[in-house]
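Once you scroll down, you'll see the structures, which are given as structure tokens.
Paired with chain B in one complex and with chain C in the other, chain A is shared by the two complexes that follow.
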Partner chain A sequence: MTTIAPVAFRRTVELTIDGRAVTAREGATVLEACRAAGVEIPTLCYLETLTPVNVCRVCVVEVEGGRALVPACSRPVAAGMVVRTDSDRVRTSRRMVLELLASSVDLSTAAGDVHRWIGEYGARPERHGPSAPAAPTRPHAGHHAEPEVGSAATVVQPVKRDNNLYVRDYAKCILCYKCVEACGEDAQNTFAIAVAGRGFDAHISTELDVALPESACVYCGNCIGVCPTGALMFVTEHDLRATGDWDEDRQAVTRTVCPYCGVGCNLEVHVQDDRIVKVTSPLDHDVTSGNLCVKGRFGFAYVEASG
Partner chain B sequence: MDLRTTGAPPDARERQAVDSVLGPPESGWAGGERTPGDGRAAAGGLARARRRRQVLLPALHALQDRVGWISLPALGYLCQRLDLAPAEAYGVASAYALFSFEPGPPVVVHVCDDVACRAACGGDPAAVLAARVGPAGSGATLTWQPSPCLGHCEHGSAALVLETGEPGARMTLAPFAAGDIERIRSLGGSLGGALDPDVLPAPRAIVPQAAGEGLRILRRVGRIDPASIDAYRAAGGYEALRRALQLGPAGVIGELKESKLLGRGGAAFPTGTKWEAVARNPARPHYFVANADESEPGTFKDRVLIDHDPYAVVEALTVAGLTTGAEQGFVYVRGEYPLAVARLEHAAAEARSRGLLGEDVMGSGLRFDLEVRRGAGAYIAGEETALFNSIEGRRPEPRNKPPYPVDRGLFDKPTGVNNVETLLSVLEVLTVGGGAYARLGTPESTGTRLFCLSGRVVRPGLYELEMGTTLRALLTMGGGVAGGRPLRAVLLGGAAGSFVGPDELDLPLSFEGVRAAGATLGSGVVVVLDDTVDVADIVRRVARFFRDESCGQCVPCRVGTQRQEEALGRLAAGRPLGSLDAELALLSDLDAVMRDASICGLGQTASSLVASALRRGLLSPAHGGPGAGPVADGRSAI
Partner chain C sequence: MFGAGGGTSSYREIEETDLVVLWGSNAREAHPIFFHHLLKGLRRGARLFAVDPRRSPSAQWADAWLGIDVGSDIALANAVGNEIIRSGLVNTEFIRRATTGFEEYAAAIAPCTLEEGERLTGVPAALIAELAHEYARAPRAQLCWTLGITEHHTATDNVLALCNLALLTGHVGRYGSGLVPLRGQNNVQGGGDMGALPNKFPGFQDVEDDAVRARFDARWGVRVPPRRGWHLSQMFEAMEKGELRALYVLGENPAQSEADTKRAVRLLEGLEHLVVQDIFLTRTAQLADVVLPAAVAAFETEGTVTSSERRVQRLRPALPPPGEARDDLSILADLSEKLGARWDRPSAEEVWDECRALSPMHAGMRYDRLEALGGIQWPCPSEDHPGTVFLHGRLWDEDPERRGSPAPFSPVEYEPPLDGLSEEFPVRLTTGRRLDSFNTGVQTGSYASPLRRPETIDLCPEDLERLGVGEGELVRVSSRRGAITVPVRLDRSLRPGLAFMTMHFPDQADTNVLTLDSWDPKSGTAEFKATAIRIDPLPAAGDSLLAGTLERAG
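Then we have the complex of A and B:
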């Protein structure tokens, strides 16, 4: 018997990106159309495996006829749409988004692209003034203290180290919502963390900020997997960085299959100096989409056990 | 998901508070007594959890009202009842100003220190109060704290008094004086009967215009008993609903289109077009929401309408529901309006008992009912999609648009949403007919509009004027600037509005008239600022307001409102970073990114008033600004 492979009749739409005629799949986002056309759009809160929340606004583009700029990550393409990704308005907004983040968040362990964009767009975080010291308490919604004249408030707060597996350093948090999504409906359905508070004081929190072991956290570490700035980090990586010993050039990354159960999750085992320092999972793997459970992500101590 | 709470039991008061909203627990799974049957039955499922989640805000209110704060065990019990993760519930609760997470004194007095009260009292009311009764946040049995606009601007001062307990008390004192704190303190609790909020003010104190002067949607305000449905009907009430039932949905929409009524909430969208889009949407069910989350500083019109003409809101929402095919309506009232909530609930109950809400509205065979929801102190919840999230028990964060509410609104279903003033204008359209309504006002801005006149003016209050009336005419009706002093500027439209100078008083108050002048009618705010008012202080208060009220979702608004407030603080202190030009460039960049790249209207307008003040040179010392330092280099107008 002969089987005939089904042919997908996909509708397409024609649009213009930076003056070039482009064809995109109907329902695709402007971001997908731009990437297919080889146009780089910076993104921070976007990840292929998560529902777009379009909150960082670094991916904004200008769509002709629209009043405000639109987020490329979530706006679907439309026939005849005229998109500009490099206009003055777009560049100003991207520069300012990067500048506002860099002036308020510790981006020292953020992905390399972020630092490249800060340079390319000419963001100058220093013009908002030197960083203000940490506030003694987080303000209640609707009631913040008057800012100290001459310094720039930041999201600095003490590092949270309340378990043996991972460290939460929210001074590095850009509030991209990815960890909340991964903990919730987009992956783990545990809902141990959420965005709490509001405005500049909004932050990622468990209920009333209880320690992770008191919370619903199951230590799958999928939040670490999606964190773009290193705010969430393996204890091993955090400690090696603290002593200055973290060195990605000395690390080997080996892709393998998780030995625990039969699902077949793929692991990327990061090894430095004959020691496993981190486990990640490839985003493009059709079984895991970057997600793991506590065993796959953290259960590797036996490898180094002697006897 | 596996729900996990800390497991610590709530105390009796907390349990009663939650059960007062949700009823007693159905099983051991929901925090009740364990029964043998619990082991053999499973209750749950995502659909059930989603249905229950919308009760989150009312249940949080019950805890706050009765217990005074939301503890971890109370939150855990509530979440167990709702099948909701405690972290999510905390994320929601902590986004609102009126919920506390630590015990406090039983009486909290929220004192307005916002723009209209500042202008009226010629300084910072909070500073005056602190000097008199001690700093905010102190006190074992009573404390006070500054509050954003409480919507009683015509009185020039206001305080919201919240007493914890069962029954507890929630009431507004306007006008409010420092002595009231001492009076409340001397009462020593049980404020309910002691401070009667139900006293009817004289009609002319609220609506200074006489009834003969063209009052349409204000004609009943202060003139009928707001608690009597018979008085409402005797004054022409429910004639519009009768007319709507005669016309049918297509007829009502036809009248609205002919009337050219534009929404009064700020966006000026054609009401007939919106209703038609909801009515035609094939998805079911439909919802209709009255947006009464009036929080724009300087705005008090919806509060006046609800307090004094609540049946009109119920009737108008009924018309909206029947026209757009919605059987369920919501009125979302801001949490700082306790009287409005009480009056609306009373009016809805009366209407229900007379067959004007419920299974068979006015004998038409059609079903419509409404629910009154209380906000909890969040300006952003007035943004329509944030309002949907708030009703649904989610964080009051605006959604990305499209999709628009007419396609996917409340509970992701087609939803109509209108401001209270718009809804009451619909009643007027049905009363006089679309064609006659369209002849009022200007060709582009038809009908009448409410203006909230406050600040340094002889007769502050709510005015109803035909669209296109000049600002000068409004100020003249209001008796002009108090004390005959020179006018410095008018704050038009609200915190998201702009300043109008004394040379522009012939500005026609219509959508197109103010647009041509680069201004906005916003929510009808007109705060009069004379030469004694420190305009720079007003601008900084607005910057503080946006910093406090940003939901924090998107970077431009979350960090931009913080940086804007910091920059204005540096200018006020005469300590610019780098040069004055550098500071102005920075403010201009902040304006650009917030206007262009924010998700919602709050962020997109959070710099409007600052930019307007800078354009008009209102931050210079010649205008009372303390910025003597930065402008001492000969640039009197920055």
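Then we have the complex of A and C:
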């Protein structure tokens, strides 16, 4: 018996990207059209599996006839659209976003692309002056005294380590909202975290800012899976980094299937020196879309206990 | 079902369906990533009915919760079916063309009125009617279940009762409409697929079919015994009678996972020879004459598993096994040599290719195709076949020949749980899983879950008050088979007379000392879900919560 799921046939539209004629699927975003055409658009808050929230503004492009720059991640293509991804206006805007983030946030564990973009767009975070000194008593991002003239305000704060599975280092948080989306409607629907505060005081918080074990968190770690800067990290990775032993060149990633229930979630097992240091799930596998539960993501200690 | 031992649908179908019935399934905690797919469906406007004795974390997402009395599922299904027939909501055309036995079914369930349903199940008649009407009227509907349906002495009949509803309404064999049994372990489906059943070869081919057996005989160069073997529950009966005297256990912990563990341990101890192959020295392994240390399947071995949507996926070793531990396949190959066979140490892929040669539904699943396609859903009869999203589409075919043999209605009758409530044992204990733990805790006991808390007996506020005990106080829980001591926990998802425990912490509280090992004669599944118990407060024991929480009855 051959049974095939219904396939949705879609129409296409013609548009111009950086002077090139391009065909895109109707309903696709400008970002998707650019990627299909081999044009790189930097993104921070965007992920294929999440609803675009348009907060980071680093993916902006210029659309002819438009007043403001538009976020490529959520603007749908339209017939006859003329898009410029590398105009001065676009480059200036991206440089400003990257520069402000890099001056206020610790990007030391952010994805390599972020550092490449900082270089490519000529962002110079250092011109805002040295980072204002840390104030360890600040409970969360934004509880900052006005920095002295000539120094850069930062979101620096102590690492939150309130459970044995993962740490939250919000000094590295760029407020991309991905963790909030993954904890909420886009995947887990637990709603343990949200953005609290406004402006520079905005920060990721549990309800009433309680510690994770007192919150609604169920430790699925789907927030870690989407975090682009390493603000959310396995305890294993955090501790190996702290001692200088984290070494991705010595790591192998193997894809297998979760040992627990019968859903068949794919695991990517990250192993360094015969030890499991992290578990992720492939974004492009439609069983998990990158998500796991607490057992699948963290329940691997028994493998070592058996040794 | 209807000849194929697997769920009919794919997970993605539940994202696009119109109505979901979760029947005896707490997927939010037991199958969390499946529940993600379900939530996508709810976000798109699907309605959710939850049938569960507990208002579980899954039921809390439902538009309607049917708080059924434990073990009365057939009574509820028959009342739903009868209401669908009585209201003229059956899919007449589908029934005529694609089914048999409707008249007998309709006659058999005619006495199952809404009022009778309410009397037997505790679910208000109006809610039963609502489920019946909504399920029958939905353009597409998914009916999902788990162990709440199958861990009963009527397991097979429970499943048949649900299948009847799908046949009545035509909710099977179409994209978005289907029957979805969620498997409790990562390769329960694969075990069945591969013939780890007493009466089946790989691909659900019947051992007692001479033509099938001849193909296996020819390939293997041996005469396969023409009779079916025993399932687990029959094996324990055979041990009782002395007909089974040697046992080889691979990756299972029956000394703690079997219902009525006192009996299970006694029978295991009485064996002449017990071999256990496991990654840990489990309680069962401690009873063994020989222990074969095994590699961890999911992380240290090569092979395949099959998921609840019939998707065969590859396991790959991420780590070398520790010490002398070896993967199951190489242990079996060595053993075969000692027994005089010559398997020549096959690789996992070579074994798989042999399976593909003998099992038509796996024929097209080459390793490189499994890799490229992210797994393939059976049946996949040829190497250019993409796999099958949903089963039984043939039932809708206009052409009688392609439609094939019709699906039979199976009238089944309600029987109450065997462990009846009485004055002495007035409380119904049911069991289940918690989100962060798994089975007897062998795999989940060692990671630092912040959610983990000790075993408790969970009761509703009314029962706590009736017993005069507070949360955290120890009580003595007794069944007709044994007794344990365990702290009490308040759980507002329960109803008066209904208690809940897990089986995750057998060293703290051996829940299966209480459960009954009577089993379904058709599937061999034990009735873990329905135990009659009594709960007695312990005098002045409230401060010994962490001290010896286990006490076996003599």
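Simple rule for what comes next: the second predicted complex is superposed on the first by the 282 of 307 C-alpha atoms of A that agree within 3 Å, B and C clash if a C-alpha of one lies under 4 Å from a C-alpha of the other, contacts with A are read in each partner's own complex, and residues count from 1 in each chain.
As a working rule, a contact is a pair of C-beta atoms (placed from the backbone, for glycine too) under 8 Å apart; a residue touches a chain by one contact, two chains touch by 3 or more.
The structure presented is a predicted model; accordingly, all values stated were derived computationally and were not measured.
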| item | value |
| --- | --- |
| Touching partner for A:C293 - first (chain B), second (chain C), both, neither | second |
| Touched partner set for A:G262, first chain B, second chain C, both or neither | second |
| Touching partner for A:S93 - first (chain B), second (chain C), both, neither | first |
| Which superposed partner A:T29 touches (first chain B, second chain C, both, neither) | neither |
| Partner chain in contact with A:S205 - chain B first, chain C second, else both or neither | first |
| First (chain B), second (chain C), both or neither touched by A:H285 | second |
| Which of chain B and chain C A:N189 touches, first, second, both or neither | both |
| Doubly contacted chain A residues - partners chain C and chain B | 189 |
| Residue ranges of chain B touching chain A (in the complex, touch as defined) | 1-4, 6, 72, 75-76, 85-92, 94-97, 99-101, 145-146, 148, 377-378, 380, 395, 400, 544, 547-556, 558-563, 565-566, 569-570, 573, 575, 577-578, 582, 586, 589-590, 592-593, 595-599, 604 |
| Complex interface listing, chain C residues touching chain A | 10-12, 30-34, 36, 39, 43, 175, 182-189, 279-280, 296-300, 305-309, 311, 313-320, 322-323, 325, 374-375, 379, 385-386, 388-391, 393-394, 435-438, 442-451 |
| Chain C-touching residues of chain A, taken from the complex the two chains share | 1-6, 163-165, 185, 187-189, 212-213, 218-220, 252, 254-267, 269, 271, 274, 276, 285-289, 291-296, 298-303, 305-307 |
| Chain A - residues contacting chain B, complex | 54-58, 60, 68-69, 71, 74, 89, 92-93, 95-97, 99-101, 103-104, 127-129, 140-144, 146-147, 149-153, 174-175, 184, 189-202, 205-208, 210, 214-216 |
